[in-house]
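In the two assemblies presented below, chain A is common to both, partnered first by chain B and then by chain C.
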Partner chain A sequence: MATNCEIEPGAAVESALVTTDSYENFQQMSSSLEEIKNSNYAAATPEEFLDNCNNLDNDIHLTCSPVTSSSSRDEDYLQDEEWLSKSKHVFVLSSAGKPIYSRYGNEDRFASYFGIMQALVSFVQADDDSIRSIHAGDRKFVFLFKEPLILVAVSKTEECTIQLTAQLNYVFNQIASTLTLSRLVKIYEQRRNYDLRRLLTGVDRFIDHLLDFSENEPAFTLGAVQCLPLAASVRDSISTAIVQSCSKIKNVVFGILLAKSQLITLVRMKKYYIHPHDLHLIFNLVQASESFKTIESCWAPLCLPRFDSSGFLYGHVSYLAEDCQACLLLLTVEGDAFHSLSEAKQRIVERLRRGNCLEAINASLTTREETCMEMGFPELRHYLYKCKSTAQFYQPTKGAPYSINCKRLLNLYKQAHYKLHCPTRPLKLLFERNGNDALLAWDTPGFELYAVLEPLTETSSAITTVGRLLSWIKKREDKLFQLNAPTF
Partner chain B sequence: MTANKSDIELKNFFIFNSSYDSKEGEEYNKVLYYYPPTDDINTQVNNVGLVEAIIKFTGNFKPDGPLNSLHTLKKRQLYFEPEDHYWMVMTLNLPFMNKSRNGSTYLEYVEEEVHDSIYKAVLKQAYSMYRLFSGTYSSTDQQNNVAALRSKLDHFYSAYLKTLKLSNCDILNVFSGIHFLPLDKQNFLNVQCFINALECNYPIIKNVSFLFNDSLIWSGIEPDDTQVIYQYLISTLLPANIETELQGGSIPRNPSSPFSSLHYGRFITGPSNLKTADSVGKVPKIYLNNEKDAAVYYFIVYRALNASICLFINGDVTLTVELFKELDEFMGPKLSSIASDIAEYCTRHIIPPNTSDSSPRFIYFNKLNLAYKSTVHLDHRQTGNIACNKEAVQIIADMNSKKDLLGYAGETIVKTMNDYWVVGKVSNLREFYVVLQHKNASLIDISDEVKKICDSELKGIFFHPM
Partner chain C sequence: MTTDDSMDDDVFESSEDTIAQAKLHITQNAHKTVPSPTGYRDYKPPAEILKLCETDVIEDTNQRLHKTILLGDSGVGKTSLLVKFDTGKFQPGNFSATVGIGFTNKVVAVDNSRVKLQIWDTAGQERFRSVTHAYYRDAHALLLLYDVTNKTSFDNIRAWLGEIREYAQDDVVIMLIGNKCDCGGDRLVRREDGERLAKEYNVAFMETSAKNGINVDLAFMAIARELKLRQSGNKDSNKFSVQDYVREETEKSSCPPCYTT
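What follows is the complex of A and B.
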């Protein structure tokens, strides 16, 4: 391409996020907890830790809404036009066929259906194979079998199988994040017919939210997070405040400050990184929990499946202040650090107030980002820029014609992302135009760019625009991205 | 591409009728045909059972189209219901590669290399070909009985499946297009006059199709019938015949008389040697116009030099050796002379495609007249003889399967990891794909180059809006 490949806005030597290609092996999980504990001579042995987890039933404060008991009419959803017309159903069941979750409707009312899904999975498995998907007309039926759960999506969106599988994997991780994978496996080892819903009361809401969230946020497609635009000096002083306030406390692994599904800063323990998938789960947890807003601070056990699927981290979760709706999470391996972390939080807020950081955050939260038109790119409608080395991305505010029709825009991105990353035939460059829009997608070693342009854009002007855009981003990189990876 | 990649293979192929009543323990009655015969009854019944479960499961969600396929880690299963309750199912083993990680080797199955659209087309063609020679499944069942249908299916598919070259299937199967030979006015009129004379003099001839080599010049039958017959001719009948020609040589039949014009003609279906024939032998019958009201025709193919002519004669007349003799006398000299004129025209006017490796390759298809043209493929017979990177041809299939998302008209340009460029243009019902290999080209160079190719190769064909 004509433009200079050397510019990689947002690139940084070190990243706090694990950088990833989103279609990598989902199964991959690491076990970092033991390492941290052992290196810091923490008390709990693995057995004790598991025991602790087993006593957590009542501690899991995520129990927010009581389960709605099955209502009077036993309607048949399969005759229900409204139910059938949903664009994406998601079902979760145990490998024995017990219903656990349905995105729409009460799963008890079509329990026999779960039986069929389980039968399909086990029939194919008996042949030493595993079912992936069924395609019929506009419907895709996507299966993900991860012991001990079966997850099924029935979708008529234009997302491809691999993207739907990734979504199911998020759902699995959401469940694992409330129970830990080890415990999940153990439960079913002991009782194959266990009704997992007893342990997952209230988790429905998180899964619901996660599904909506992953359908509507390009972050999930890209496997990256967006940062709240802040001057580099402000971001640095926030990071410093967190580091200094927690300096005396042992085993704090991550300090995360976020607002409106955007990251403000991420501080980490040396040698440890957080995977964007885990961070997405944290965003989901914060967004879906109204209770965090009302309670001064919460103590939540939380398993980050990509970080360590076998055990819990403990999260101190709180909003910074009445007048600043940024949410602070301090994650530790110590189950009894609540009070020290509460104090640390107070110190952080004080420091931020003194440094006028709260105002800066509020200012950024209330300022709407520019649209492409306002940035001075009239031929550009919208874009996503992902810096690969830091797993962060930036997008401008959606202007016409996508401010209303943003599903179509997201679909364009999803299609383009799949084409660039198709497992056996990845592409370097894609330029596509039809009567509605033109799209240039470009995958380089340093970044990915997806630019949506006016439909009649010629290739030459598309290239010029993209060149200008890259230097525009380069100029603002220290504001749009977190370029350093502070550690405790 | 790694050298040790396995090929795609046929795992099984079966046809069943889901409406046949079957009591528990007698489910095998539903199975009408099953390949391979080595699978025991239990396996057959289980496989049919899975398909029925999938039909039911998916049907509950009321999809807006037919059930297409099942993807598993190791296999692909395709479904086609050509007639109510009659299901054709084909299962393929996915190609796999031996890979090693951390010292241990494992198999990696390549799901993306098998396109549903391509193999569904293969399945549909397996049906159309059967229907051409035997009529619909249900008509056999109704006119005769299930046993007759079973034996017909067995007779046909056991032979047909052997001819499938699954690993050579590609985008051309999806198009199932026809290669037309563009001719000048004079030659085209000669063909027309000949056909008209034939139809006027012999009213039992209902329709005529005319081919030169592998290209169609004229067809009097419906497009969807032409499509199947064209496939049959160029992939089965004519290649087999050319082999016998090569062995025996194509020599004029009456060299004794120096005054008569040369006569190279002979029947490909029908009596092969008219001098010794005392009966017409076995003349194939085919079923045309199956969508509306099916009718049976004799299918007679006659060939002189490189020209082949297909005569579709009313199925209820009695054919005699005299008729064949007279047809031979009528067609032989005329067809020989037309064929040699066309051959001469072709050598003068049709430029053979550039054979250098790096020149751009393209595929064009127009759904309205089923015409296709390809410089990616070096012949029309699906021998796997292609002139560009196989990955590029797969990308074309990717683009084709996503073309609905482009809408009425659109364009896609992609650059692959090994620096191939593939360009796809869709407009109305026309599709045009170009593969270019320019290592250091920019997007702008490529779009300019494609414009040039459009100008030279598709003169007068308007692509909207670009």
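What follows is the complex of A and C.
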């Protein structure tokens, strides 16, 4: 299949985001903090992200029905219809089997189940192997053992094991983001029996939100972020305002402006990139925190596990103004820069106000994006377009029939994404039709496209539509994507 | 004329700083006499610019920022207390732990003059202590909260006072607050216990409810009043004035009695 475009839409020479495959392993983490603290100018070794994914098949398939006999006293949850009806449970426990988190219900009441999970993990581990998943009926039990924590998902959703593991990885990173991985490891080295909940008060809310967020946002499946549509000139002047206002302040690593779950601009320190997964944690932090909304400006330590899992960055977090609900984060390695960053924030707001950027942001926030129908693609229902080189994606507003039932649409995307990224037999191009919809998924070196079409669409017309769509996106790329990567 | 509007009386009454007064007179005279200080005959800077200059003068002299920090265990209601005071609103059943530390500026009127409070809200969790400790040092006042329905939060008050002694200035104004006093039967800490502890450490005490608004304004106003007195160099005022003030005001006000069980 040939494209009409020379270069894929949304591609840029530079990207502020680390570009990734979304299923890559989370284990490798860079240590950028020391580097920045020690020297701003020393040449840095390029961060190499090794793909440690080994495709050994450790999945255990059970044909029997789930075993429900348990001799414990905490059987009440197994009698609880509401608890049982949840489509996905997530549990976190220490490698010693101590409860840390349960998505539904009080984790203290699962003590015996946590014991079983711990036993399963350590039993397989005794053979120098690791348990990945157990399949029983329509349920999947997915395990992720990352020293010193064990994470387990019990799911009856249609998500595949890899996608569930990716969600568990996000949960692990959320915990690492609050404590740093180094501290987490050290705590358990000192006391294997430590009750981590003591240090994680309030974090359960962030994990709850993260799980809902990762189930409902295609950004997580794609490993990309969506930008708020803005004229390129406006986006540039916003970036310039941030760069100029912070120019005299040492060691500001990232300046991030976001609204809703969309990125407005991202300014970075030279040589440093932010990983989309870290950016998702930041979006989650901002959305799940009420306190940022009530306080003029906030100062919080924050570990970005993919950036550096061993230490904290400090974040100055504030909403721009009463009349503009975009949230600005200035991340630095200096723990005492709060006041200078507060002043910088004032300067940024003044510049943006003078440049009429606040109005432009508000206008874009209140304008609904076009649906495919309004764009002039009647046979197209919805699509996701991800530009790989910048790790950004775009989606139109959901029109009928997905405006109400968007869960089904997300499931279609998740399944198609899996087929394109399946470790054993990845597909390049996929066209599927059933009674409800037709789906075309296309993976090229430059982009990924997932288009959902009317069920009666012929292959040839689907391909024409997609070609037209690509040139439509190309024409609007400077509005839909951040095409440059400004630096401090 | 806009410039005259901002010359309200309390500026002169409460101003101890004669230089400021002199400056104000100059500004006032400047645009009454001709030629103007700019050298151009009859030129008057735009009214809003003049006003800006003057507010600056006033703020520099009288509007010192008084830093007040809210402290206490996670979940005792620090953010709720601040939001109630700042906006008058209370969001029931929506607990969201504060991340890090942050501030809100609030100007309150004390005896016809304005006191600018910079109120810092802090995260109660242990993991944020290293961040928040750094801000104790410049605090003028500390509101130390516990939850009357949570015995542990009350038991931890001694540890909090220990930290305050270690990190804050010696002359910092401290007020102990038992929050959630609207709880009725769920109460686990008696009012007398709070009073006794406050007396032991020689700090002011009151019970508040961010939900019903009981004593919320009073707590912040008492702090503002004390800070203003201290700033004006009133050496007679000492820690007890807050306590006396609180006692008087609580007796005066018709707030419903807090039930003790």
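As a convention for this text, the second predicted complex is superposed on the first by the 448 of 488 C-alpha atoms of A that agree within 3 Å, B and C clash if a C-alpha of one lies under 4 Å from a C-alpha of the other, contacts with A are read in each partner's own complex, and residues count from 1 in each chain.
Simple rule for what comes next: contacts are C-beta pairs under 8 Å (C-beta built on N, C-alpha and C of every residue); 3 or more make two chains touch, one makes a residue touch a chain.
Keep in mind that what you see is a predicted model, and the values were worked out from it rather than measured.
**Student:** In the overlaid three-chain picture, which partner chain does A:K428 touch, first (chain B) or second (chain C), both, or neither?
**Tutor:** In the superposition, A:K428 contacts chain B only.
**Student:** For A:I463, decide between first (touching chain B), second (touching chain C), both and neither.
**Tutor:** first
**Student:** One more residue to check, A:Y394. First (chain B), second (chain C), both or neither?
**Tutor:** neither
**Student:** I'd like to know which partner A:Y273 touches here: chain B for first, chain C for second, both or neither.
**Tutor:** neither
**Student:** More chain A residues touched by chain B or by chain C?
**Tutor:** B
**Student:** Figure out whether A:Y383 sits in contact with chain B (first) or chain C (second), or with both, or with neither.
**Tutor:** Neither chain B nor chain C is touched by A:Y383.
**Student:** Going by the contact rule set out at the top, does A:H135 touch chain B (first), chain C (second), both, or neither?
**Tutor:** first
**Student:** Is A:L199 in contact with chain B, with chain C, with both, or with neither (first, second, both, neither)?
**Tutor:** Touch status of A:L199: second partner only.
**Student:** Where on chain A do the contacts with chain B and the contacts with chain C coincide?
**Tutor:** In chain A, no position sits in both the chain B and chain C interfaces.
**Student:** Considering only the defined contacts, which chain A positions touch chain C in the complex?
**Tutor:** 178-179, 198-199, 201-203, 205, 285, 288-292, 294-301, 314-315, 317, 335-336
**Student:** Applying the document's contact rule, which stretches of chain B touch chain A when the two form their complex?
**Tutor:** Counting only chain B, the residues touching chain A are 50, 53-54, 56-75, 110-113, 116, 391, 394-395, 398, 402, 405-417, 419, 442-444, 446-447, 465-466.
**Student:** Within the complex, which stretch of chain C touches chain A?
**Tutor:** 74-75, 79, 82-83, 86-87, 91, 94-105, 121, 123-128, 130-131, 134
**Student:** Using the touch rule from the top, collect the residues of chain A that touch chain B in their complex.
**Tutor:** It comes out as residues 1-2, 78, 84, 113, 116-117, 119-120, 123-124, 128-139, 141, 154, 156, 158, 161, 415, 419, 422-436, 456, 458-460, 462-463.
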